[in-house]
Amino acid sequence: MSQPQEFEKVLTGSVTTVAQFEDHKSGLKRLQHFLHSSPAMVPLIVLLALILFFGIAKGEKFFSAYTLTLIMQQVAVVGILAAAQTLVVLTAGIDLAIGVIMVLSFVIMGNMVVSYGMPAGVALIAGFLVAGFCGWVNGFLVSKLKLPPFIVTLGTWNIIMAICLIYSENATMREADVTAATPWLHIFGISFKIGPAVVTLGVLAMIGLYVVLWYMLNYTAFGRHIYAVGDDPDAAELAGIRTSKVLTATYTLAGLIAGLAAWVSIGRNGSISPSTVVTDFNLQAITAAVIGGISLFGGRGSILGVLFGTLIVGVMSMGLNMLNADPQWKVLLTGVLIIGAVAIDQWIRKVSG
Amino acid sequence: QEVSACLITKTDTNPFFVKMKEGAEAKAAELGVTLKAYAGKVDGDHDSQVAAIESCIADGAKGILIAASDTKAIVDAVKKAQEAGMVVIALDTPLDPAEAADATFATDNLEAGRLIGAWAAATMGDGAKDAKIGFLDLVPSQPTVDVLRDQGFMIGFGIDPKDPNVIGDEDDPRIVGHDVTNGNEEGGRKAMENLLQKDPEINVIHTINEPAAVGAYQALKAVGRENDVLIVSVDGGCPGVASVKDGQIGATSQQYPLLMAALGVEAIKKFADTGEKPQPTPGKAFFDTGVALVTDKPAAGVDSIDTAKGTELCWG
Amino acid sequence: MEPILSARGLVKRYGRVTALDHADFDLMPGEILAVIGDNGAGKSTLIKALCGAVNPDEGEIRLEGQVMNFTNPMQARNAGIETVYQNLALSPALSISDNMFLGREIRKKGLAGSVLRMLDRGAMEKRARDKLSELGLMTIQNISQAVETLSGGQRQGVAVARAAAFGSKVVIMDEPTAALGVKESRRVLELILDVKKRGIPIILISHNMPHVFEVADRVHIHRLGRRLAVINPKEHSMSDAVAYMTGAKVPEGAVAA
Amino acid sequence: MSQPQEFEKVLTGSVTTVAQFEDHKSGLKRLQHFLHSSPAMVPLIVLLALILFFGIAKGEKFFSAYTLTLIMQQVAVVGILAAAQTLVVLTAGIDLAIGVIMVLSFVIMGNMVVSYGMPAGVALIAGFLVAGFCGWVNGFLVSKLKLPPFIVTLGTWNIIMAICLIYSENATMREADVTAATPWLHIFGISFKIGPAVVTLGVLAMIGLYVVLWYMLNYTAFGRHIYAVGDDPDAAELAGIRTSKVLTATYTLAGLIAGLAAWVSIGRNGSISPSTVVTDFNLQAITAAVIGGISLFGGRGSILGVLFGTLIVGVMSMGLNMLNADPQWKVLLTGVLIIGAVAIDQWIRKVSG
Amino acid sequence: MEPILSARGLVKRYGRVTALDHADFDLMPGEILAVIGDNGAGKSTLIKALCGAVNPDEGEIRLEGQVMNFTNPMQARNAGIETVYQNLALSPALSISDNMFLGREIRKKGLAGSVLRMLDRGAMEKRARDKLSELGLMTIQNISQAVETLSGGQRQGVAVARAAAFGSKVVIMDEPTAALGVKESRRVLELILDVKKRGIPIILISHNMPHVFEVADRVHIHRLGRRLAVINPKEHSMSDAVAYMTGAKVPEGAVAA
């Protein structure tokens, strides 16, 4: 065996401390560093700015605890779906079926109690099972057959929508019929007042879900694996992650969360209407996620940002409603605000570089 | 005292609802009522309508005019508005149950369908027995208007609709098929082409609205059959009536959105002033703003007005 | 002696490109085997085939005498083969410690770990920092930095540290020192000798002849997709090796070595 | 200056021929190599398989020149939009506004001739200018403000839709009125028969567009730059491509193509209806692109594949319709077929490895 | 003599990480300047700042005496600075010749080129193949192969060939031989000497001391984000250089060199 080269022999004397540089911390710099290390805060700033803006424009009417909690109620369902969507988007996928999975799930829950007279527990389990199964099918097709998620979920979107319409014969179940059968399906509609603020259990469910998912994504191995798979699937596979298992689990989980959205939606709407399939939940959920800073290319972004993204959309729509704009102008202003919100967001990120 | 009211329509893209909004705005300006308008994003967008009702409550409006996307499901939100002291008036389509609204000013869509069905049968005479009929409907989810017009046509034409709440369960051999159009020209043309592929002999077409009818006409023209197929439709918009005049559409059932809107605004104003609620048309669960069959080829046994009159009454 | 890992007649084609052309391979227990060859000779493809990252079109692979055709890298890893890939296989947006422990995360002790499955961030960051310091990578200022923001050499250090941290049956390193500085390269060589001392055989791919001849027990020369010869670095000079791998000279009967 | 190291001196003798391996070309191998080097052919195979499938199921009725050309007519507008969408998707973007740009463009063309009595030439130029301008705005926001394309085009989608409705007051222009003013706007509706086949100028326009774009993408520098920008924008920038110019140009070009789609659409539909804004052109165009093998992550795929993707969707919908499925079942089967088509596609790719 | 390219007091911070800490830099006309330093010392950041790929927080850059703060790499390229980046800056899905000619495509002669703007595929592929052969990269079988399918060294060869093909005012090479084989590295060194002969100065970042001391006229030693010293390779040994850059020794008054 030969010897190390001559010049390598001096290395014994090399420095062994970790590099460090002095820190000049002005207040602005601190804020910059804070934003740099917690990018989820950027949409929060945009959200607060927006609330302030409408608050100034409409005064107390907007800036009241009642209105603000009403916004939370309005976004609860979309918020839950956006959380599910976020998980899928983090794996560099997309779930176009998430909205119809929710609808199928609540139609099944409703039918179980109203048409078949099952107890609430069975109905809920059936609803969640179906939702989870739909998610699993998506995951299976994406991970095992390696089909593009867009196509897979576009396909299952159509399939589930049709099943939902055919199975339910498009019959709406009235609130009264559901209530007569069981109070459990409406549990997330229960609200209590704290002063003028009205909080429903559905809103709490949404917030709770975000906290749980935030914990999962940041403090459990599974969460880190979701990021790794979305970031660079080949690297993740080589590094020893079973990417296909992670994908299947993520889509299934997204399905189950859609099941929760179904339950919350029954609470909010009272009645159960299969024709909800036409509502554009996908676009709303994806929009909330993107405004919240999730990259559609996967692996980047924080789920807390999505919560703020959802609220940004909710505040915009309520604010515009109150500004007395005509619906067509409202559409126009929504477009302007969406671009504006993300432009500010981008600007803050750049400045906090 | 200032009276404010909300108008919630299904969409702001369908000219029908745009005219309804204009009618309401005109009447509101006349009566000194502040009107706020809301709309869903697509036909069937129930969520946006619920959010709109909530905004109206938060806003302290006196009354709501609503063209419901989901006539059953909206009832719960309507109840909340009523509990908040508002009068809720259904426009265009009755709620289910109709009594859930304080008043309803609507078209009887079943009647609208029945009129064009009866006209088509009468116009064909003996030929009606072996007619080949195509149905150009709205969307796969079969919203209420879609079902009522489609099934109404069958009743008028003399086809057994089986369950009148469901499209597609009929077994009459004269039916070539159903297809959906999204209520526009592009969809109408494509659906017509599709039905022609199924049976090129098709000779009667029921269309959900006039844009779909115009699209169907284009498809027929492309194969040179525009003159031997009977197209009937519903709506009575000015371009639609003009198409009837041109002979592209045989007959259309005209409805009156401006009237609905005006009556609705008046009712809210009256309620705000006196607390009095409007009465329904005797024998019906709602106040029928009427439909009229517009055609230049009147058929025996079916009341109709001609296109001159139709043009006078058309809404945009 | 039986080879611990061997391959016979491996072929891999990509469309019109032939990467492996009936390549053979043998790794003896406890040895450091260097694999050298021109750029594009097929070295990386060979070791990817060995550890399941590439499925060869033909040929068979044996681990401890048993035929083992891995179809994915997890199987190889579970069989005890740890690899540093040439393209590093790091997740760019994840932090250094996340990357080091990907797939083998450390959980908190107690309930938080077993029930809530909470990761022990602190422990992982500490171990990551230690491993990097062992490699002499002292310039990493922030251990929770995303890997994509690291310098080329720092990134390679992370990949090497990861493989070294989880010693196992066979360690494969594909050009582990390519982007490393003088000091860091030296540490990696020491680390390789360390691993060998633990009795674990190592496959080292490198273009650095002095390094190869310093540590290798045998040198596998790869040329045009196949094994050209295996030489003993004590019996052959660096010049010989370079001449063989570039086609300047043809080795005589060296294959039997 | 020191000397090369000892072992480097032997290099003078090294081999200087390019590596070559013998080729064993069986028929199957040849096919494999062909598919490997021309991936756009894979959707073509799927398309042919699908035509064969329906041809067998429905016999001559489906397998006739008339039916097949009818399908081409039905997909012409979506096909043109899909081409525009493809350009944007190749840059790793997405253009949700492409459909409404088309609608705004044809509303303007129509209004120019019908309401303002302008000559057809002016109307067309105005329509194309507006379409190109809308595209340019998207491109500007994406490339200069560095906003996510999804958000930018979601915003402009809303804005353009609202402008279109407000400007047009939702008034439909009837075919008769347009024809009375000028025959030029309907030029793409002109059809001629070749035996039983019916070919419209609109169909020819679509095919011509694909040929031109195929040429542009593969044989001009701009085309290669589109791929480079979508593939890895940082690398492209470092390699010396003005990525922001390429992006702006691409979105503008997509807008102009939407203008062409507008013209073709007037030809097909006769009348001009602003309420077309609600039609889901985006999803159709993206679907055609993805089925045609374009990666939503940018930089990968061939535009010819998209032409086949468009036709695959058209054949499916016509085939299902001839199988006498009712609308709800058609939705379901469409879902199944979409997944099936892409699964076969993926399988062929895998086998041709 | 005036430096052709110089920088004073460059600072670049990323959040909590400091990459450049008041770094200075000088490149004299016609020289080969080697930049050496530990992994993560800030070498790549320094040259990225010089050629506009990174915007420094503070400091100024002069080209031929004029202040020139480039804000994007295009400006630097147009000013005549050609760079091989450490991460190579290749488009993975594009072919070798597409990558080599990105942004400077060759068009067909005649109408096809001027009106139809048709690319001359044949000419580009031929020139690409020639350049690669010059570098001794003989293992590339298919010149229209996508770059992502190349081996690590082949990829680096493409990047080096690209920079070399478009000689200009300054050529910067960030670890051009890291992934290259013995033969290919040697060719790159020859190429560097060639470029120098054409009168174009070169900045060479490398961890390979024998190579650095073979070709460099001056050696810039970078440590902890700043220039520690500039030494003359004829007056200092490799051991000195390594000792300085790893902090084992502190150079005396060498900065003035």
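Chains here go by letter, A, B, C, D and E, matching the order in which they are written, and residues are numbered from 1 within each.
Quick note on the criterion: contacts are C-beta pairs under 8 Å (C-beta built on N, C-alpha and C of every residue); 3 or more make two chains touch, one makes a residue touch a chain.
For each chain, UniProt lists the protein as follows: A, D = ABC transporter permease; C, E = Sugar ABC transporter ATP-binding protein.
Just so it is clear, the structure is predicted and the values come from calculations on it, not from any experiment.
The set of chains touching chain C and also touching chain D is given as A, E. Between chain D and chain E, the least number of touch steps comes to 1.
The greatest centre-to-centre gap from chain D, using C-alpha centroids, is found for C.
Of all the chains, the one whose CA centre sits at the greatest distance from that of chain E is B.
Centre to centre, using the average C-alpha position, chain C and chain E are separated by 28 Å. Spacing of chain A relative to chain C, judged by their CA centroids, is 40 angstrom.
Separating the centre of chain B from that of chain C, both taken as means of CA atoms, is a distance of 72 Å. Note: centroid distance chain A to chain E, computed from Cα atoms, is 44 Å. Shared contact sites, meaning residues of chain A that touch two or more other chains, fall at 5, 7-8, 11, 14-15, 19, 21, 161-162, 165, 328, 331.
Residue positions of chain B touching 2 or more other chains, listed in rising order: 12, 42, 140.
Across the assembly, chain C contributes residues 14-16, 18, 40, 87, 138-141, 182-183, 209-210, 224, 242, 246 that each touch 2 or more other chains. A complete list of chain pairs in contact reads A-B, A-C, A-D, A-E, B-D, C-D, C-E, D-E. Residues of chain B touching chain A in their complex: 9, 12, 21, 36-39, 41-47, 50-52, 54-55, 58-59, 69-70, 72-73, 75-77, 96, 139-143, 165-166.
Those residues of chain B that touch chain D in the complex are listed here as 11-15, 18, 42, 137, 140, 168, 177-180, 182-187, 189-190, 193-194, 197-198, 211, 214-215, 218, 222, 237, 239, 242-243, 246, 316.
For chain E in complex with chain D, the residues that touch the partner chain are 53, 72-74, 77, 83, 85, 87-94, 98-99, 102-105, 107, 116-119, 121, 129, 133, 136, 138-141, 162, 182-183, 186, 189, 210, 213-215, 233-234.
Chain D contributes residues 61, 67, 70, 73-74, 77, 165, 169-172, 174-176, 191, 198, 265, 268-271, 273-279, 317-318, 321-322, 324, 326-328, 330-331 to its touches with chain B in the complex.
The part of chain A that touches chain D in the complex is made up of residues 92, 141, 145-148, 150-152, 154-163, 165-166, 283, 286-287, 290-291, 295-297, 328-332, 334-336, 338-339, 342-343, 346.
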